[in-house]
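Each of the next two complexes has chain A plus one other chain: chain B in the first, chain C in the second.
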Partner chain A sequence: MAKAAAKTKAAAAPASVERRPALAGRALSAPGVKVEMLPPAERISLRAPEASLAALSKALGLTLPTKPKTSATKDGRTALWLGPDEWMIIDEAGNDPLADCAKVTALHSAVGISHRNVGISVAGPAAAATVNSGCPQDLSLEAFPVGAASRTILGKSEIVLLRIAADAFRVECWRSFSDYVFTLLSEAAGDAAN
Partner chain B sequence: MLLIRCPYCEEERPELEFRNAGEAHIARPTNIAAESDDDFEKFFFIRANPKGVIYERWRHIHGCARFFNAVRDTVTDKFVMTYKAGEPKPAKLPGASK
Partner chain C sequence: MNAAFRISGAGRLSQAKTASFSFDDKPYVGIEGDTLASALLANGVHLVGRSFKYHRPRGFLSAGAEEPNALVQIVRDDARKTPNVRATVQELYDGLTANSQNRWPSLAFDVGAVNDIASPMFSAGFYYKTFMWPKWAWKDLYEPKIRATAGLGVSPEKPDPDHYASRYAHCEVLVLGGGAAGIAAALAAAETGVRVILADEQAEFGGSLRFESGARIDGQDGYAWAQAAIAKLKGMDNARVLSRTTAFGYYAQNFVGLVERVSDHLKNPGHELARERLWQVRANRVVLATGAIERHMVFANNDRPGVMLASAARTYLNHYGVAVGRNVGVYTANDSAYAAAIDLKKAGVNIAAIVDLRDNPSGAVIDEARGLGIEINFGRAVVSAGGKLRVSSMTVQPKNGGGQRTIPVDAILMSAGWTPSVHLFSQSRGKVAFNDETKRFVPGTYAQDCVSVGACNGTDGLDATIDEAYAAGAKAAKEAGGKIGKGSKPKVDAGEIWSRGMLGAAPGAGPGTTVKAFVDFQNDVTAKDIRQAVHEGMHSIEHVKRFTTNGMATDQGKTSNMHGLAIAAEELGKPIPQVGLTTFRAPYTPVTFGSIVGHARGALFDPTRRTAIHPWAARQGAVFEDVGNWKRAWYFPKAGEDMHAAVNRECVTVRKVGGLFDASTLGKIEVVGPDAAKFMELLYTNPWEKLETGRCRYGIMLREDGFIYDDGVVGRLAPDRFHVTTTTGGAPRVMNHMEDYLQTEFPHLNVWLTSITEQWAVIAVQGPKSRDIIAPLVEGIDMSDEAMPHMSVREGKICGVPTRLFRMSFTGERGFEVNVPADYGEAVWEALWAEGQKHGATAYGTETMHVLRAEKGYIIVGQDTDGTVTPNDAGLDWAVGKKKTDFVGIRGLTRPDLVAKGRKQLVGLKTKDPKVVLEEGAQIVADPKQPIPMKMIGHVTSSYWSENCGRSIALALVAGGRDRMGETLYVPMPNGTIEVEVTGMVFVDEKGERLNG
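Up next, the complex of A and B:
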């Protein structure tokens, strides 16, 4: 009996639990700007009062920024200020910020959102013009310098925008909006070069 | 596009990031069960709707997500000032003649 069952199992195709990130591998190159999907990353949504910030910063290995529209990066991990008691942590080094926060006893709420979001890279001399095609914020280097981060909108979708270099942005959006966001950025990339 | 100053983001941001959230400084009754129907109607439904300066709640929904208060002129659509939620109604408005 057991032998027969084992035989049937071996014949069937192996079950797959492979995760397929939204729009994985999609990329578009236009003169002056390249739009491409970024590899998966660990992310958390962090809410905490001021009194907990020291303990959380220590656990996460970086100082949580308290100034509006700023971020802090260390060892492949970035903390983005989203609101007076709200941060998004993105870890691209393969470490788990959720596990780091779990050790903290100070009051906080950390929710894993790694697979809720996808990241899109917009890079090149026309990057700001491309993002600005759907985002109404002032993206000049004076108003939105390197390291600046903000929740904002792109067309009809909410995004989180991070400037990683003078001519490069990381656009974070919910995965169900990713087709819309990527397509809008792709269309804009073609226009931005002109 | 209007630029609205968010008191939490400490800068002016495009109006598309904001949402109106109705009249500000409406005190909730402490004992709502004891309210008369007339008083409840006044609290719940009746709004000032002035032609001119109005005190409103706004939310920076696609930004820091905070509620705050704003003083706006309903005729010109000009934002006179904004201030954090919970702060008292400003006694004097900047640039006001009286």
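Up next, the complex of A and C:
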């Protein structure tokens, strides 16, 4: 499995063309909250039955969470529980989770989605109110504590929401929705401190 | 510089803070904290509007949200003209400009008032009866005229420059209504530590405590207690206090819509502040503390300016320091109007007389009024109000008839009793119950986790209200997980009790009378109209309501419903509960479109999706078209080119040299797992098990009924990994379709689906030079025909970045599709473009893509198919695995109708005149001379000018099409019939040699 993916990893010559991430560098500050694009990260969509979790956890260097709405983070790599057999792995340390999973023989599916998604940081005392402008979830610390993760909506776009601190969220969305999501968060940020 | 009717020492506003405003272009001065209503009343202005139907002069009935009369237009600038604002809730700001509505040429002299004289013509059901005939007149005469006179006020003609915010919120206890009951409930709940939201529509909390001068709580004046309690709640982290916030809708599972008016009360809101904020709150428990609304008395000319609710006059005095007149009459059927008379008398206003319909009431307030020397008349009725633009007298008569006496007054305060506000309870699908003793509907059976407290629950008296509310707040919090609260219940030292009263028409407006005794002020419905509706056969209250429009105005009958019901019940000879109450619906008060729309306008109306290569196309001057939510480059005009010229050039260049096309929007799904091929076998008509790694196949997906659902090229990357492409528009539904079958029909398969549409930017390089353009940039892939034949896929590198390189063609030319991770898409495109330039290649858009594929007879699902086309109909039988025993749609395909002769089949059409381009969607007939309606045997699905063919080409679905090759058919059009010849679907390179050319 994942042989094809492994092959692309093998030739690691530097790219001769520049990478142009969506909305790179965009940021907006409002009273109580800052919304900004996060740098590129390595991401995979991981699907696997329960029997494979131990092997995959070992290969990935963290314990895949099995409780709904939770995540696990270690050494710059975060596994977000998205469904009973589904995780999104985000690696911000520059390591390749696709290559790590390629070594695992246990049943699973690992698909690279590093470029499919973009990450947006929403941070500050008014961060939860900003996200709540378009996301119907209860974002109190009791219901959505630090480390909580959920595939949900923001206005008319699907997002994956991860709470990285009491007053900071990572909003993940698909690349072509990033303009919509960023703009909505920016508008909402202007109202959130009120 | 006190306004004439402002009483010094009365009210709670600081007289030092003045605010200038204008009404109908006349300047006035009010005080900060005033409403527009209180400021106008302070200046002695009662006449503020004309009624909807009869154009009768109208003044203020109330001091709150129930106001049916005082609707004005607030004008900030050209773009901000808000009609139908209730002057009783509009807060005054310096510079406010307001205009009256529904009058011409002026408020005092209104031509439309002729309707009042002609009112016998406009009786109940007038619209239904009058505009029925002649039938033609409806569209040309009646409807335009009615539309012109319908509605009040003037809409702004410019886009709304304000912005509107929205917020989702969750809490354990949501308290709606910030009077004594709501505050007590919120305190009790908040003291347990749970999250509490308290909302009230007024600028200041306190509800009836604004006017109830007799209330004392915890040793303070009731209103002062309310402010102190609100300050305490605001200081608690777990409580959110929202003023100027109306709960307008109560939906399923304690989901409540609130609209907060953020800046309508400010002089210069600035652009930072939203105008309104929509709160969508999910609450574990809801406490309804919505109070009660006073009813008016139904008597002749009860709508004259100056005739108002007793509690309103009391509010204007005790909160705003304004006397509503100097010589005031009172007409009541319960105690509460006495308190108004007493407060006004003490403030120095003459009370001409209290007229009490009751025979011999007794009690403290009556004694107090008598002690103040106020004339009290028991067992008497006010049978008519005198005056026109302002009330000038009241005519009093013993209620059972007898001599009349006319008393001069400049205002009449009235009270028929109090109606519990069960609107939100009713919206929550709770069932109201009629209390026969107190003659009111109160909450009966609950449908959701909510509780009603205080006046809205029919609880009388401040003491009982606070007891009930505090206990309910604590209980709701406990049920929602709260701890035992540390606070203590507020102690009521003194309060007022008002109950009872009367329903229906007062003496003088009863059966047999034709006076204008208004039940519904806003829709001009009188007691007579209700009775007439019953006489004309409306026996259900729902029919009476619609026939008379009683309660159907924007105030939703807050003051009129109970009177209307009682009059109908009396006329029907039935008890009130048997006649029933109409259902209350959201919104409680009118809600702006802006607050519902929130952020979702302009760029945020709907997501606009752009590809990674979009910026390049935009720089090249591409014209874009919308494909679903995507913006796709349509064509790339050079200087001086129109669309036709650009597309012709692009089409020719691709076949002659080559072209680059952004195909990134194509749906892409990675199918991974040991059972991937098995799954593909089940979802597609084609065989997949034997497809070798590194090869591609064109796949067709059917629905269960056998009709084509989607198509696309699929590449096998590994034995257990397929790269599936779908149509652009089909991407989400194909993913859902596959996931649906995987989870419900084939859960035993070890395979998973991942959308990779946005992971890969896709650059189609098509044309004889395509390989020459790509090859210099590729590493690690042998692109020779032997090593990489048509319909194959390789992984390697291009420009140093990973690629999935497909050799495939949607043009019929040698072609490739270069997939690269999306962030590299634009840079790789630029590198390929530079290579292409060396050969003279073009960039092309979706229009050229459409023409080129039609020249080859390649179908587009959704254009050449419409959900009733089978693979056979489309000439794609070759793509259905003949040896396969199962796939989605296999049984559908054998249905008798799907294998019958004469089905519509996809064929090519050539017009006899090659220059004529058919219209897509045009109908086809076999014999143009047959009588109309003709038998239509098919329609054109795709039609283009083909510069490569030097003529027009078309695809069409035609009954028995493949048996008609060479036949002449006809396309009747408005400007004449077009002759066409049925042909094969391939117009260019029929043998397909160019794929390797």
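Worth a mention:
Going forward, the second predicted complex is superposed on the first by the 178 of 194 C-alpha atoms of A that agree within 3 Å, B and C clash if a C-alpha of one lies under 4 Å from a C-alpha of the other, contacts with A are read in each partner's own complex, and residues count from 1 in each chain.
We adopt the following convention: a contact is a pair of C-beta atoms (placed from the backbone, for glycine too) under 8 Å apart; a residue touches a chain by one contact, two chains touch by 3 or more.
Small disclaimer: the values here were computed from a predicted structure and weren't measured.
Of the two partner chains placed by superposition, chain B and chain C are both touched by A:Pro136.
When the two complexes are overlaid on their common chain A, residue A:Met37 makes contact with neither chain B nor chain C. By the touch criterion defined above, A:Met88 reaches neither chain B nor chain C.
Looking at the shared chain after the overlay, A:Asn194 reaches chain C, while chain B stays out of its contact range. Shared-chain residue A:Leu161: touches no atom of chain B or chain C.
Ranked by how many residues of chain A each touches, chain B and chain C are led by C. In the superposition on chain A, contact of A:Leu60 is made with neither chain B nor chain C.
By the touch criterion stated above, A:Ala148 is placed in contact with neither chain B nor chain C. Residues 136-137 of chain A contact both chain B in one complex and chain C in the other.
On the chain C side of its complex with chain A, the touching residues are 163, 165-170, 195, 262, 272-274, 277, 280, 282, 598-600, 603-604, 606-612, 630, 670, 672-674, 717-718, 720-721, 750-752, 754-760, 779-780, 795-797, 799-802, 821-824, 826-828, 830-831. Those residues of chain B whose C-beta lies close enough to touch chain A in the complex are 1, 8-11, 13-14, 16-17, 62-66. Interface of chain A with chain C (complex): residues 1-4, 7-8, 11, 13-22, 40, 45, 47, 49, 85, 107, 109-117, 129, 132-138, 140, 143, 155-157, 174-177, 179-181, 183-184, 187-188, 190-191, 194. The touching residues of chain A, counted against chain B in their complex, run 68-69, 82-84, 86, 136-137, 150-153, 158.
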